[in-house]
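Naming follows writing order (A, B, C and D), and every chain is counted from residue 1.
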């Protein structure tokens, strides 16, 4: 039997497949499609300190091999999550990562404090949501702010801290190094690329928020490059995300340097994606004659010259 | 009859459709497929001061709704171009833009000097090629260097100067503003996004150059967003590029703020793309009841609130 | 674990007009449980799935019907599928119309809105409820399912905005207004509507004026259709004092009580 | 303006084995002008076109044949096309084999390389040239076009790496070496080869040893196929002193004289 376990820092996962934030809710709806105890982990929808209604609709536009979303962090707020959802998630039997976004530094810290006492496995600091005005991408495109925030969070919680970074920057490696310096346990690459779709007849953006985040296979080459680039720049683990649709994609991300991966948009078009992908990984490992999936991580041989 | 003429600064084009650098050669091969005197203009393959052999192969990888290329500016060098290709291009009957890339500041200037005496219609400063080690993207991701280079080029040529910018930056508007401050006549948005494709079996990048530039419909939402964002930041015209496949796409870019557009990858999969797209624009204008195509430019009504 | 069907063969395909087809799919599990107002999310040759309302379900034959109007690439592909082709779909999804306690059910459909409401009238027939179907079209040429509606026990009222040769000449809302004036009121009457938002808002206003309860089927752009991505938000009014909140069209909807809907028009 | 055909109906489709088909397309203009070694660039359900060598052209019937081996999504789609389906293609593209001045033409094909070389032997037959076709396969099960080659006037030599029941047991290169030893030399002999790069390099070395001129058909990943994108570069040696330079596989090639090729292996 293939050994699918991976470690991201001190946290062990049954397999490298984690459901990405914002594409799996809190797991409730997905139970119908697969046995959630068998996937590596679930990352919650992005939570904020106070409840957020999110942006006006339309919030989605289809693009070539991808989609734009501008949900804008609609969520019930941390308190309601802790009261109504956490125990449900905690009972699912897979690793639970909580994705949090703050309007400012202090909001992030307050959420970290509140999560410290819970049973969750890691906190994912969303430094990359392109659909809200404050916090997030503003912090995530500034290395000083990243380092400062991660270091401060490090002080208020013992939970593993993952920094989820935005690709909308000149140097992703600089951002990842900042997160590492701040004491992050892992970086998560990538969130969505800022994009726009236009309705020619109306001469209006299709999204009511004007812009949105691009996800799906369209962005995979960019994500893969960022993982490979960052792998050479930092020592902490990388969780790879962006356009992963099948088991082969997962292994490409691992070869590029990812210790584990997150599956986002794939779950929206194929609700059984996570489960299917785990099976596909097993099949390919047999084909490749690899017995431990973690052996793929960082084995990319660059061409030189 | 619809009026398809557009102006980019002082240069008038018969229509907004320009063949993008690197996807149309110097026009020779494309004559078979269409009457080149009827397209708006042709932008040459990127030229360097000295001949360049380009990168090792494979130089292409297919991706979801796009492709990666790592040609690496293979070209015969400016001198050979001037001796053997320019007169051919000049006789085609459409606007001719020459795309140039330097290893350093001085090489750009030397090429501008040499082009000043020719009959070409504009110089496109390639500040954005992701496939070469020096110049290009390094300059193009630093506002100070952009401004300095454009200003210096402004001193050595009276030709219209277009600055072709890279999307691999945190703020495209900052780069465009720098080009404007330097005295550019237009900015061209966008060149390719840096990406990677991996061969799982070989655990090697598919491209011999490891990384390549992502083009095609996959990147259209990013290009469109950058055009719309930049349109609000600068006063000089924008030439829109990135994933344009049909006439509707052209008009979306114009609505977002482009005065004209360039067609790249579309010509590779459909050699008649430029011609077809011009026809499609005419058809849509009739549908939209618009008589002058330039009336589309910058008419995007953003949602507010 | 609830079964959610995936690959369904097309067992029949009928062209309704040059833009519209009715596909009959073999989908026994969906046919068993689906009720009017629910939808399926269909894979096509495009990236995202496409939500289509369920037009009919035959639990005996194990088949469902979908009425599809070509409005872009995805529906063009789906409408072009042939007998024997297999489509991937998820369903039944969402919350449909509640008929509990109804005695008379008036449906008001506009355009493709007549498709899911056909299922409503079919169920009324089965349950022996009085049904009145108001169907509004641009013109006779654009009319859909008139024969099928007429074959049901419900009373039908076909309205055409531009032609004089249907039952009512004018908009479906005007037809309803006319109907409600002439009709002898019955307690436990319900108005169910599906169609363009402006039409549904007017129907809802009319229903309110007459004191009749009203349910509307909203349309929002969707991705997952199963409640996880939150792109399909609809503004729904809460209790009197509270602000309205976003609910998921695909999960809490697509059918809502008209009173709680905050119209976007 | 030269006509470049676009939409060609498939008029015949033959399965060669479970991975390979031969498609016959109606393409009168290409059939008229194509010569062996040229290729077409075919649209599929993937983003980029797919280059496929021309296996045969019948100028009277106005048709061409393509031999396609499934190696990924694009070729799977193409191989799955049926009679009557229309494919979009560009061609004929590139520079093929030069047969001018030849008296004896030896073709050495490996795997799908036997497809374009069939066209060579067909032309040899028409022109009354002596033809010898060496075709190498993994095993008899993987053999391709043996009947078709046998129906030509050329001498055939089928080599199988693993089976003993074909003409030669061993690699195509070994078969060629054997042949060249036994064969009475004729002036103006040419060796034309197409297949895996290692095979072609060995064939070229063997030809050189025997003082026979040799042409090879290179394969590079392509995008446009028409010479504008420069992704398909092949390293080609210049005059003795000069460095080798990149030439376009799709335009200056795919066929090159073996001596100028700088092998990448």
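One rule holds for everything that comes next: a contact is a pair of C-beta atoms (placed from the backbone, for glycine too) under 8 Å apart; a residue touches a chain by one contact, two chains touch by 3 or more.
The model shown is predicted, which means the values in this text are computed figures rather than measured ones.
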item	value
Chain A and chain B, separation of their C-alpha mean positions in angstrom	33
For chain B paired with chain C, centre-to-centre distance based on mean C-alpha positions, whole Å	48
Gap in Å, rounded to a whole number, between the CA centres of chain D and chain B	37
Residues of chain A engaged with two or more neighbouring chains	61, 63-66, 216
Graph class of chain-chain contacts, one of line, ring, star, complete, other	line
Contacting chain pairs - touch in the sense defined above	A-B, A-C, B-D
Partner chain B, residues of chain D touching it in the complex	1-2, 4, 43, 46-49, 90, 220-224, 226-234, 243, 245-246, 251, 264
Residue ranges of chain A in contact with chain C within the complex	22-25, 28-33, 35, 45, 53-54, 57-67, 69, 71, 74, 216, 265, 267-269, 271
Contact footprint of chain B on chain A as seen in their complex	56, 61, 63-66, 68, 141, 168-170, 193-198, 200-205, 208-211, 214, 216-222, 224-225, 228, 243, 248, 251-252, 255-256, 284, 288, 299-303, 305
